[in-house]
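Right, I'll just put the structure down here and ask away after.
The first chain written gets the first letter, and so on, giving A, B and C; residue counts start at 1 in each chain.
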Amino acid sequence: MPTIYITAPQEAATEIAQTLVEERLAACVNRVACDSIYRWEGEIHTDAEEILLAKTTADRYPDLRDRVVELHPYEVPCIERFDETDIFVPFSDWRTRNVDAE
Amino acid sequence: MPTIYITAPQEAATEIAQTLVEERLAACVNRVACDSIYRWEGEIHTDAEEILLAKTTADRYPDLRDRVVELHPYEVPCIERFDETDIFVPFSDWRTRNVDAE
Amino acid sequence: MPTIYITAPQEAATEIAQTLVEERLAACVNRVACDSIYRWEGEIHTDAEEILLAKTTADRYPDLRDRVVELHPYEVPCIERFDETDIFVPFSDWRTRNVDAE
């Protein structure tokens, strides 16, 4: 079951997290403050950002990814999928119910 | 070697993290503050929580999971297992020693 | 494509994160504040630390790991590799370009 790792500046992170849950693309999103260090056009930058960990299902993942690309202010957003190797079954069921159409 | 991703409200997070290390169910736990956005009974909520990243072994994982379910205040806690694809060997050895019976 | 999970005390975390990006061993590093609970020589400790999530490539991973071991103040640092199951392709391309030799 996919957890999607997304980074975004704070204002965009709020919008992305809210939208993913409102549109049932994720059952929940954990928002974590971070500092990001990266190279852009040859220079090293540090920005305050957030990591979003969006809990979704395999079925909903492609739509979630496309929606994040649409909403994200960066040209090249970090969007990565990680799959767990085991999950507490009631949580898995809850997650599936919360991304299904109403 | 499993890393267990657990979310919990702060007070419960303190108890769970302490207990897992005290009872040798995890060698260490990294606690990270987060905001969680989720849907519960049709409404969208935001709660301040913590993500616990508990470092354990394959042998100890089932007992760790059962203990978290026991301690956790939620009906449906988020408990997910992620396995790394490589690990610094001395850290792996340390982890194994610290979850073995004394 | 590997994400490397490293924990370090704050001062060392700054040096490690900067060095990995400067030496093109990682394209970016996300720094997250955490509290770590662990057992060391029989006693339970809690330390303020950071989790570094270093985004690199399979080719650069061995050099990154060796460099972290070199820079890290601990005898037994936590260094773990996690591989995503899917990635936004432009981000994957950007990452590869930013760890290649100039």
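Methods note: contacts are C-beta pairs under 8 Å (C-beta built on N, C-alpha and C of every residue); 3 or more make two chains touch, one makes a residue touch a chain.
Since we're looking at a predicted model, the values are computed, not measured.
Engineer: Based on which chains are in contact, what kind of graph results: line, ring, star, complete or other?
Structural biologist: Shape of the chain contacts: complete, all pairs touching.
Engineer: Answer with same or different: of all residue numbers used at the interface between chain A and chain B, are over half used by both copies?
Structural biologist: different
Engineer: Can you grab the rotation angle between chain A and chain C? Superpose on CA, round to the nearest 5°.
Structural biologist: Rotating chain A by 120 degrees superposes it on chain C.
Engineer: Would you kindly tell me how far, in whole Å, the mean C-alpha position of chain B lies from that of chain A?
Structural biologist: 20
Engineer: Which positions in chain B touch two or more other chains at once?
Structural biologist: In chain B, 32-33, 82 touch at least two other chains.
Engineer: In the complex, go through chain A and note every residue touching chain B.
Structural biologist: The touching residues are 1, 3, 17-18, 21-22, 24, 27-33, 53, 55, 82, 84-88, 90-91, 94, 98.
Engineer: For chain C, which residues are in contact with chain B within the complex?
Structural biologist: Within the complex, chain C contacts chain B at residues 2, 5, 7, 32-39, 44, 49, 51, 61, 65, 69, 75-83.
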